[in-house]
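Structures given as structure tokens follow.
Next come two complexes, and both contain chain A; in the first it sits with chain B, in the second with chain C.
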Partner chain A sequence: MNIDVSTIFQIAGIGIIVAMIHTVLKQMGKEDMAHWVTVIGFVVVLFMVVRLLNDLFQEIKTIFLFQ
Partner chain B sequence: MLQIVGIGLLATVLILIVREQKPIFAFLISAFVGIGIFLAMIGKIDSVVSVLEDLADRSGIPSVYLKTMLKIIGIAYIAEFGAQIVRDSGMESVASKIEFAGKMLILVMSVPIISVMIETVLNLLPS
Partner chain C sequence: MLKLIGAALVLFAGTMIGFVQAARFAERPRQIRQLIHALQRLETEIGYGQTPLPDALRRMSLVLPPPLSGMFADIAGELRSERSSTVNESWERVLGEKWGATSMRAGEKEAMLRLGASLGGSGRDDQLKHVRLAVLQLQDEEAAAREEQQRYEKLSRSLGVLGAALVVILML
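Then we have the complex of A and B:
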């Protein structure tokens, strides 16, 4: 029973910082750059989540599906 | 248990904070927390499953039935998990399709068991 709480904080922090950068870039009038920042942050966090999801599916496969 | 509840409360607060700015990240946090709690609990399910296998071995039930049953439980877990995460992000229709697919797969897997049961009942009936 060891969930890495730090990763949850990491994701939330990335979200807040990306929102901040988005706002600043928008104020500077660089709309397209702001959207790219959002997309890149999203992809980074998506990598974290997908890696954990892969772990989960492997566990379920080994326990329930006998593969 | 306290750990799980604490992580849930913490994640809820973080999601509420982040959702104001970027809803996508709120969705990812909720998915991550769900996966983490599930991973923490799955080790305990493992021990229960091994006890069940032991019992089935001792009582002489063919292991195909137990395997099918465990596969059905696994499919139910995965389908429920995915559907809940999708439903959280507001896609009710996609979630209900995932649940439908899970139900269909469970039905397909349980067809051999149902047919064996009906055969047994038919054998019991006097002809």
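Then we have the complex of A and C:
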């Protein structure tokens, strides 16, 4: 299993930064923008996770279906 | 190695964008304050000195710091030049050209344009009234600008750094 751990760290970093931006924006009274930033960050992370899941399913197919 | 340099550059650029934005927020109330002082000087020139408008504008430009001084110097120069345009025309033209160089927004421009429409075209008392009205409007704008500065100066600074960090992490 040579899956690289860096993607997971990347997702963690995005989470931290988005949380900080959310806090800063909320403190200054721009809550609508804060929520948009959170949603966009979530979507970006979701795409990364989808790519990883795609890899996982390909792996499962190659193991169990004997192409 | 190259990646690291790129990341550092992106981080630096984002931070600088944030700082420039914050500086604009900080500069706006100061420039409005300078404009108010200049208009009060103009009021004195009109009311007590009865100075001709080109001279009064030139003296205003002498006491103002750079981005605003050029504006009044240009208007004064245009009034002195051979081409005979009205005060209103040259006022509007110069303001339209030079307003982008200042940190001020549309509200102040509107007040200044309205002042230019009545300047040099009517009696002394009428002009004085219009100058005072413009000063009052600018004071309102200054209060609003100060409030905005307190709210958004730190925000834009930290937002620049955080946005740059986000881009770096996304591209790493």
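Keep this in mind: the second predicted complex is superposed on the first by the 65 of 67 C-alpha atoms of A that agree within 3 Å, B and C clash if a C-alpha of one lies under 4 Å from a C-alpha of the other, contacts with A are read in each partner's own complex, and residues count from 1 in each chain.
One rule holds for everything that comes next: a residue touches a chain if its C-beta (ideal position, glycine included) is under 8 Å from a C-beta of that chain, and two chains touch if they have at least 3 such contacts.
Because the structure is a prediction, the values reported are computed rather than measured.
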{"item": "A:Leu53 touches, of chain B and chain C: first, second, both or neither?", "value": "first"}
{"item": "Contacts of A:Asp4 with chain B and chain C, given as first, second, both or neither", "value": "first"}
{"item": "First, second, both or neither for A:Ile21, with chain B first and chain C second", "value": "second"}
{"item": "Partner touching more residues of chain A, whether chain B or chain C", "value": "B"}
{"item": "Contacts of A:Thr38 with chain B and chain C, given as first, second, both or neither", "value": "first"}
{"item": "First (chain B), second (chain C), both or neither touched by A:Ile63", "value": "first"}
{"item": "Partner chain in contact with A:Gly29 - chain B first, chain C second, else both or neither", "value": "second"}
{"item": "Shared contact residues on chain A - chain B and chain C", "value": "14, 18, 41"}
{"item": "Parts of chain B lying in touch with chain A, wherever the complex brings them together", "value": "3-4, 7, 10-11, 14, 17-18, 21-22, 24-26, 28-29, 31-33, 35-40, 42-43, 45-46, 49, 67, 70-71, 73-75, 77-78"}
{"item": "For the chain A and chain C complex, residues of the former touching the latter", "value": "6, 10, 13-14, 17-18, 20-21, 24-25, 27-30, 41, 44"}
{"item": "Touch list for chain C against partner chain A, complex", "value": "151-152, 154-155, 158-159, 162-163, 165-166, 169-170, 172"}
{"item": "Of chain A, residues touching chain B in the complex", "value": "1-5, 7-9, 11-12, 14-16, 18-19, 22, 38, 41-42, 45-46, 48-49, 52-53, 55-57, 59-61, 63-66"}
